[in-house]
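Let me begin by presenting the structure, written as structure tokens, before commenting on it.
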Amino acid sequence: MNSFGRIFRVNIFGESHGESVGVNIDGVPAGLPLVPEDFLPDLERRKGGMQKGTTPRKEDDLPIFKSGLFNDKSTGAPITILFENNNTRSGDYAKQRSVPRPGHADFVASRKFGGHEDYRGGGAFSARLTVGLVAAGVIAKKMLAGVTVTSSILEIGGEPDLDKGLQKAIDAKDSIGGIVECRVSGLPIGLGEPFWDSVESVLAHAAFAIPAVKGVEFGTGFAAARMFGSQHNDAIADMEGHTKTNHAGGIVGGITNGNELVYRIAIKPTSSTPKDQVTLNWETGEQETFSVKGRHDLCVALRAPVILEAMTAIVLADLMVLEQRIPRIWG
Amino acid sequence: MNSFGRIFRVNIFGESHGESVGVNIDGVPAGLPLVPEDFLPDLERRKGGMQKGTTPRKEDDLPIFKSGLFNDKSTGAPITILFENNNTRSGDYAKQRSVPRPGHADFVASRKFGGHEDYRGGGAFSARLTVGLVAAGVIAKKMLAGVTVTSSILEIGGEPDLDKGLQKAIDAKDSIGGIVECRVSGLPIGLGEPFWDSVESVLAHAAFAIPAVKGVEFGTGFAAARMFGSQHNDAIADMEGHTKTNHAGGIVGGITNGNELVYRIAIKPTSSTPKDQVTLNWETGEQETFSVKGRHDLCVALRAPVILEAMTAIVLADLMVLEQRIPRIWG
Amino acid sequence: MNSFGRIFRVNIFGESHGESVGVNIDGVPAGLPLVPEDFLPDLERRKGGMQKGTTPRKEDDLPIFKSGLFNDKSTGAPITILFENNNTRSGDYAKQRSVPRPGHADFVASRKFGGHEDYRGGGAFSARLTVGLVAAGVIAKKMLAGVTVTSSILEIGGEPDLDKGLQKAIDAKDSIGGIVECRVSGLPIGLGEPFWDSVESVLAHAAFAIPAVKGVEFGTGFAAARMFGSQHNDAIADMEGHTKTNHAGGIVGGITNGNELVYRIAIKPTSSTPKDQVTLNWETGEQETFSVKGRHDLCVALRAPVILEAMTAIVLADLMVLEQRIPRIWG
Amino acid sequence: MNSFGRIFRVNIFGESHGESVGVNIDGVPAGLPLVPEDFLPDLERRKGGMQKGTTPRKEDDLPIFKSGLFNDKSTGAPITILFENNNTRSGDYAKQRSVPRPGHADFVASRKFGGHEDYRGGGAFSARLTVGLVAAGVIAKKMLAGVTVTSSILEIGGEPDLDKGLQKAIDAKDSIGGIVECRVSGLPIGLGEPFWDSVESVLAHAAFAIPAVKGVEFGTGFAAARMFGSQHNDAIADMEGHTKTNHAGGIVGGITNGNELVYRIAIKPTSSTPKDQVTLNWETGEQETFSVKGRHDLCVALRAPVILEAMTAIVLADLMVLEQRIPRIWG
């Protein structure tokens, strides 16, 4: 299914080299102020071509509003936003059709969709679709008045100094991975459900929807597996539930506990490495040396913070509506 | 929401010290052979009191079938299974009401449900509810004919030698965490969707629903963040999609790729440590020294493998039905 | 799927001659007062054996609460209620297995579930399952504080005098149908959505889930198809949206308009008529004369009002929660 | 919620006088042949301005495909189709803002959305949005290979002779209602579920989503309420489940029974009657004589058959996918 959320519901669609990509968002409160300028900062952060290590493919990424807005406010009806694909070079991909790119969805997509998938530039699997997610995230952030969602890169290729990490990749003529952290403050106590819809469950669901994410951990995360209970437990300090430590990352029993929510994602190195690779040619059935064409990021983690913020905001906005913390009519 | 799945749908209910806990399962194919004996081995694996480091609370955990079975087969109607709670000692908990246990949901549950929650023994947040999940997992495994789901403990308190890890906790008179791995073989290529419903997304959703899980990683996971692309990419070796390495853990682009699916969960140390802890007394508003009553596991990771298998099987069974790999009428 | 609702969610399960039937209800606000006595009046209204024309099968229909209640209040966790089946006479049905009863689901159930269905007494298709719906309706009505839901029989066999209608059936030694109306007052303006989730859509969805319902109409309903617009339109009379007439039945554009909600259902005559019928014998492939065994209502419309009220309340409670008109914590 | 369906899922969006209206469709099998020409006949049938009694507003209604198609086939990714709004005359509506049109959603929409709704031409409530439904219906019909869905007008203003009925309205300078029937042949036995998701439930859900529908009945429908059981029961005639009569309209126990599916909808007279009406002025709080501006149908039933076919096909396509009667990869 290409949608997420129970009341605040986000549908994404489009292909990397198709007409457009976009997003259809249901459940936005009526009366939320929304103008194109609200979207530009986050869209700019997501965009490639702006910094060392990101793809030179340049798209304007101007949001085109097709429904759900009137007099610079949401109407309560579904909001549809399109982004045109202008800067496509599909020729790069047609040539590669017989050699599925390692680490990419080319092979599995072909099997899943019986060869009918739009294979150009990753098609419906392309990170190009995250532009719609970022747009939805902008709306979600607006809905989360009083809540602050921020993300930052913790390390690139194991280096907390990001330039150093990136230089490592450039020197090796290879792509590289990284770790991104998200922190949320201002949340009320009580979001989430026991078991199935724990806050960890729904946040991880959305975080793993970001391409290239291979790990998610909350609070002390994997390190908690090596701690004693007396070390890990966060003692409650006051009647608002604030704890002296925050090993839980702001979530106990699957429920927000009023402390800062903290979690991290592991991003694998970009599959499209500049290095030659040996892989299978479908037509010949032979192994062959393969070199990625197209324009790509050396490290997708560089563009991930704004996407992780968007995903986090989308999840939390839905939970806040469910808990009646966000009204159906704004203001 | 207390349910999960789109067609194969699992609802859990009950409280630790209530009448019973149970599970209501919709979307099981008609005609699946099911007798009580099918459930006993996994229920036994989940049960406490059987090994060093697990709770001495003993429950029979005999499944009571209330609907959906006829002549030792599923009928196609929802299956309801109850487990009676016999061995409860609620008195242990009533005394603790004014001191929310650190690391537990006591405080957040009280805020979320306005003090109306059943607080005895963790109530609806108790790991006691995983008995229903294990029962659903048994059915899911049966539906996954030809697919093998296995889980094992990788380490306890950082020790691959589990006895050593456990002894560490016993010596320290403290609880301890661990890491559990799940491996699935025999899956077809093509399960999952791009973005929202990637296989990582839905598996992590379910895995984080297991109490005490604070991290999930697929394939090389967090270690991938420190690799180069040329190292991490799994070269396709043959026309069935088998890869020479399996850093991706059997999932690319969110879709199963025909290789073994591999993922791990980090389990925090049991919140109910035998050690004294300092925390807040709600009534007095003062810090006080607190000592957990009740019967608890030193290391919940010991009981986690069968639960992780169940969750994995539940998720995969739903995906397999969606892809029409499991028929609506069995056999 | 055997569930309904988006936040206030009702799952039913069980079979006519199985262990039990029941209901699992999610999304009930925490703190709603609920004691067994709340359920008895509506359960009594639904029960057979109480009046001329209803089945002599007698069940105690005592609700057995299995989860979600504590100290006579809802906890916010799912509520599970069982009703034991005591008064079954399955022998009546085993004999009929080779002759699918006309008007019943015997034949289609066998095809749909490959012969694995519990065929005794209609199995999972039996009106016996409405006992769980009525229980859920009791909870929904409680949630709808200030809203009044009432249903009444308009006619039996075309007769507004119900005794006369019933006597007609008794004289003819046949079963008979009827029309039931539901009226709801006290609803706020604004429930429902344009198109897919219009109030008519969701109410009709639930109403057609009641066995034997073959028609649903709102306000003037089918008669509206023969009116002029100037006759049918309800002129708005005041700022609260009250209209001078109520041909719309309280719903315009799919949304409640603050007037009384009025709708009717058509109930077909009970399929289990006392009359001999000619139908197919599956085993012989021959037509044969068939006479219904078992105990049945002459007119199921007699028991329908309380079920229609329950369905209406279930739908409206969910809409009210969605519109944040019902709080997540009661009182 | 502005979407419908479980796997084959249809989201509609847009406003009558906004940029565009459209539809986003998830769950279409990969490889389904789809070219613009497939859509034109049904879009033409829906269009106004083509016959006596329909609105003179003319739109090209050319489908603009934004995603999900590649090489004239579906890819398996969501299909987005836009229809531009060119022929809007919003000035007609701005003037009417203070006088909510009787029978329309103007008043309730304003209350539901706090005055933020796009009120021009009915906004998100406009029948203009049915163009997206018709487009989704075209795809659904293609998926229903071997199934025939047809709709026809049974009567206009009570007249089976449609010209006569329409002339009645023209003579009276008033709008008028009608009854439309839908028939489906070629369906397999076994679609639908007992209770909540009976075929009647889901078809009625969709049918009542069509603007102006106030009644839905299956088979003999309301007339069944006046029949005896021995008259209404359809005797099974052969092993394929064919019945000698079809009072049930092809559905028993909520499940398709292999016979022709037959149902009817009652359509109220167009709310926008040419006649003067007395209603409330919001600003003055006074009653005033009101005359509808804009361009409207005298009888919306005239355009309803293709919409009812679309809705029916959408519902059935989803049920057929659920029952694995439609493959995930076409051909």
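Order as written gives the chain letters A, B, C and D; numbering starts at 1 within each chain.
The working rule: contacts are C-beta pairs under 8 Å (C-beta built on N, C-alpha and C of every residue); 3 or more make two chains touch, one makes a residue touch a chain.
What you are looking at is a predicted structure, and each value in this text was computed from that prediction instead of being measured.
J.: Pick the pair with more C-beta contacts: B-D or B-C?
T.: B-C
J.: Do chain C and chain D, two copies of one chain sequence, contact each other through the same residue numbers, with over half in common, or through different ones?
T.: same
J.: Measuring from the mean C-alpha position of chain B to the mean C-alpha position of chain D, what distance in angstrom results?
T.: Roughly 44 Å separates the two chain centres.
J.: How many angstrom lie between the CA centroids of chain C and chain D, rounded to a whole number?
T.: Averaging C-alpha atoms per chain gives centres 26 Å apart.
J.: Report, in whole Å, the distance between the mean C-alpha point of chain B and the mean C-alpha point of chain C.
T.: The separation of the two C-alpha centroids amounts to 37 Å.
J.: Give the residues of chain A touching no fewer than two other chains, as numbers and ranges.
T.: Only 1-3, 6-7, 12, 77, 112, 124, 194 qualify.
J.: Quick one: in the complex, what on chain C touches chain A?
T.: Chain C residues touching chain A: 6-7, 77, 194, 322-324, 327-328.
J.: Residue numbers of chain A touching chain D in their complex, please.
T.: 1-3, 7, 9, 11-15, 18-22, 24, 26-27, 30-31, 65-68, 70-71, 73-80, 82, 112-118, 123-124, 329-330
J.: Which residues, counting only chain A, touch chain B once they are in their complex?
T.: 1-4, 6, 12, 100, 102-105, 107-109, 111-112, 122, 124-125, 129, 133, 155, 157-158, 169, 172, 174-179, 189-190, 193-198, 200-202, 204-209, 211, 213-239, 241, 243, 247-249, 252-257, 266-273, 275, 277-280, 282, 285, 287, 301
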